[in-house]
């Protein structure tokens, strides 16, 4: 259950080094490294292609059609943070635009992940401030009802605690619990390590069937080849 | 209720200067200037990023799977117009492609807004003819049933009268009633005027909380900070 | 009804020359040339803009959350093929990523069409390996349950037989039955032949109403002009 | 464009007799009688099966997550009215429940049509107060921001003026402009008049092909029968 | 690829006895008996609860907003048939209502399965004529463009040949190829045979874990119990 | 992040009396009593109308197309529990049918809430075993991959801990954290207490505008009445 009308000022951010290093591994590898869990639903899409970031979560709970708490959240941002916003109900309004982005960027935020809507996407693209969102909409919002900042919340089907690591790129958005950041980084690096070798083999024409020794299991499962 | 089988030839277009000047303000600012009304639903998306236009509406009511009335509409286009098309039922066929775009462009149309589907999007992009649409589909259409041209209609949830101003960009599509065009332009310009100053302040690290004097109202609404 | 657990090794591919030549005509023209049938549903979208391909279908039936059969399919790929994958149930997982793409590309595949999900889209874009898909998702898959390769299947509402020609571009994906490839190519070329002339006329301001002699039929259908 | 913060007290309701008589003809027949226009989108569904009503529209424009204006609208209801509510943005909250229904019913309202959400559906069913809605949700709303009452608005894709006739049943919701109510009633009655005879013929095994003399037109259109 | 403008008069219907007997087994059991294939997408829903039918397919390909071919199909119906209709593009119009249902019923049809829309659902319910459909809509249709009758087609993601067995109930719609009808009936009966015994055991408190001997495989897969 | 392959046997269930008493208050009142938070998304719908239950949550994390863990969960059910199941990815298969329901009911479960799919809905209705679900589908599932039982999980956008109270009825599904059950019950009872009086006033024609003293605030907000 969400606590409304509160701002937690002191949150425990994940290990900085791990939080920063996860970006280059990407959401797919990180998701695998966590055992295929922690992913936001695929309707969360970047407003422009190519951005790939990671950072520590500052969370925001919004009310429908009301972006007041994003202003409150700005003050809680520290360099290296990614703001993660959810709404108490499905809403596609443009809660976030270029002015808030200027403020967030000045505070050191790397991105916004918002299960709602965003606007001014052309300017945000020029500012190089990436947003993962459910909708793009010119529709503005009011400032009338309280939500909360830095409470645990559900964003696009994923549970996010303040301070968790967010990894976002063209494939989607993954949440890594703060205390698992270092371990996940190690596991992801390990996965990545032998990808180059695999890629070279596959590029040379070796089949996954042979490289992963799948022929036996497939036969055992009953696969039949028909000429 | 829609009148079927009619073409209104003489429509009252909005003030040309205002209709043209609204483009550079963009759909989000114009939408704010109108008091947050007049927006099409956010499923209307541009076929390519970056287009930003405004113009006067020529409206078209289509029948499902039938683009006959777009040919009829072409004749009614005057330079500076934007064609706005709706369908009597949900339909995602590709009603519009490069040949019709060539004709529309030759007549002086600046864009098409269609609550249905569009095709030949690669060529339309090369032609620099923007389309806001609900779907992209290769599916062609027949020419068998009458709709209407230049009647008031509902497109993506917004009421459009022929001659109204349409403002469309990456954030969406806004409709400005013809008689409010000038007033909306003034209001939008006024909003824009002090945005530069605000942006500079926010970029320097000033918080919206302080710039907009939100701390008092937030406290009054009961917001609690927890350390 | 689908046959499960089988791989057909010898499939009858469409005429190579026709299969290759259809790409440049594009999905919209090919769809028209076939009498407006054979199109996949418009939720199948390319992961990047601009790709335009044709090739012969290798079909794959997948189980939800399980990409085992894509590895099996890799072995059946011949140069000039396009892999067409469907799933026994709606599923948006990322069944396909850069390693499989490396393997498919090494085998000579030109593209993947998958009614499910895809990941590593940034790398796939850099590799110039186009994918038409219903979803983008970091979510990985297991390898535990059999599907089939090279059986007739339904993908995004279209029936695909192994060896059929697939034509895919920014407008969508069309399926041309193998035995109709040559005839469809001729019909599509014929359509294309006089498009240049039509385009020139329209660009000069001639109306479709006159070029297509629509005024009579419109009057007969009861269209009224009101001044 | 919507006017915000206003309540029009004196609206011109459609002819009472026609408004009342349209119910028994049903939305499908009325829709045909109007030439197949004026229908709300099919995502508007009744909360229980079997209700069939007509009445004069009192319109309400709501803000997301805020049902204040429904209370304002209650005062404007006269016996025989149907309240039609839209929201400035997509929102599925439960704006309406059993208390408001008690009030509406006491004022003489026959139904609610709301492009948003509704709750207490079990009680509403027991009260025999029908609601056509886009969503059912326990989510309550606040009372903080103004909308309007009795302005023309777009509800589920249809334009509704205060005083128009609303016809709603299991098939959907149709809007009949006030001034066309009598004429539409006559046209609908005429349609209905010979339906009984048609039904008897079809029930006896006569084919529509013969009853409607379709064989000639079908042959002319090129239909081929293959044995 | 669909053939347009044709009506196949002589189709090979599945074994009558098997086609009739499959109804009482229901779509879920039949679907299992076929190896979990042949199911239409779950957006196909019955217009009223409780109907459970099977029969042989008469197929109809429709054009958007045009129900002409349903009249043509009526003549091809034989007692025990179920009409299966698809549209060349997504369309939710009300193609089918009480008059056509009267005709279909008079010809001996048991149901309609239509990937499009239906209307007059209250009357259809009273007539006890079940329809599985994607949408309910008052929107009527024209009679202007040819489709086909009794060609193989894709309906809601499933391939249907004329004469195949259709099994439909509250859980969905399954297609059984004509030549597999008898074999599927036997397999479904076999499944059903020992369900009573299983149900009795489970009702007495025996766990599926024990009844299906799952504890070993679960342990082997690595499941851990934590107290 | 989800822990996979684990079953927690000892969970802390909410106060029994409170968990049982919340049912009769219903999801809307309980949701209000919690400050309008804790609601599942409105796409979770009951398979039949009229069920109204509450109970303590046993949670299950499923893999797509695989219902193995529902069998594991059955053993963990105690009388008064409601099983809450989520899937690692969007999936509409029929994970649950009459056999599992027989087992769940024998163990004392009151309902299932599943963000996936369900089948055998006619039999479940006859058994009086309610299910809230995202989809109905005949599609069966395999038993091959581990999920977990009694871990905290996100179901339809709401965070659920094992032992939390679930309140479900025709309006939706609300989650009450175990430790807040008693307090929420008190708050909900308090709300309910004066509803009867309010209802009587509204039924007698008193307006909410007067009963809630809204006229002043509306005037202050700027509402204008126009005659």
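Read from first to last, the chains carry the letters A, B, C, D, E and F; within each, the first residue is number 1.
The definition used in the following text is that a residue touches a chain if its C-beta (ideal position, glycine included) is under 8 Å from a C-beta of that chain, and two chains touch if they have at least 3 such contacts.
Please read these numbers as outputs of a predicted model, since none were measured by experiment.
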{"item": "Common touching chains of chain D and chain C", "value": "A, B, E, F"}
{"item": "Matching chain pair for A-B (criterion: over half of the contact pairs shared, by residue number), options A-F, A-D or B-C", "value": "B-C"}
{"item": "Whole-Å gap separating chain D and chain F, where each centre is the average of the chain's CA atoms", "value": "31"}
{"item": "Whole-Å gap separating chain C and chain E, where each centre is the average of the chain's CA atoms", "value": "28"}
{"item": "Centroid distance [mean C-alpha coordinates] between chain E and chain B, Å", "value": "42"}
{"item": "Per-residue overlap in chain C, given as positions that touch at least 2 other chains", "value": "36, 42, 88, 90, 92, 137, 139, 145"}
{"item": "Contacting chain pairs - touch in the sense defined above", "value": "A-B, A-C, A-D, A-F, B-C, B-D, B-E, C-E, C-F, D-E, D-F, E-F"}
{"item": "Touching residues (chain side chain F, partner chain A) in the complex", "value": "1-2, 4, 34-38, 41-42, 88, 90, 152, 154, 157-159, 175-177, 180"}
{"item": "In the complex, chain F residues that touch chain C", "value": "63-66, 88-93, 137, 139, 142, 144-145"}
{"item": "Interfacial residue positions of chain E with respect to chain D in the complex", "value": "5-10, 48, 68, 71-72, 74-75, 92, 94, 97-100, 102-103, 105-107, 117, 119-122, 125, 135-140, 143, 145-146"}
{"item": "Chain A residues within the chain C interface of the complex", "value": "26-28, 30-32, 36, 39, 42, 45, 49-50, 52, 169-172, 174, 195, 198-199, 202-205, 207-209, 212, 214, 217-218, 221-227"}
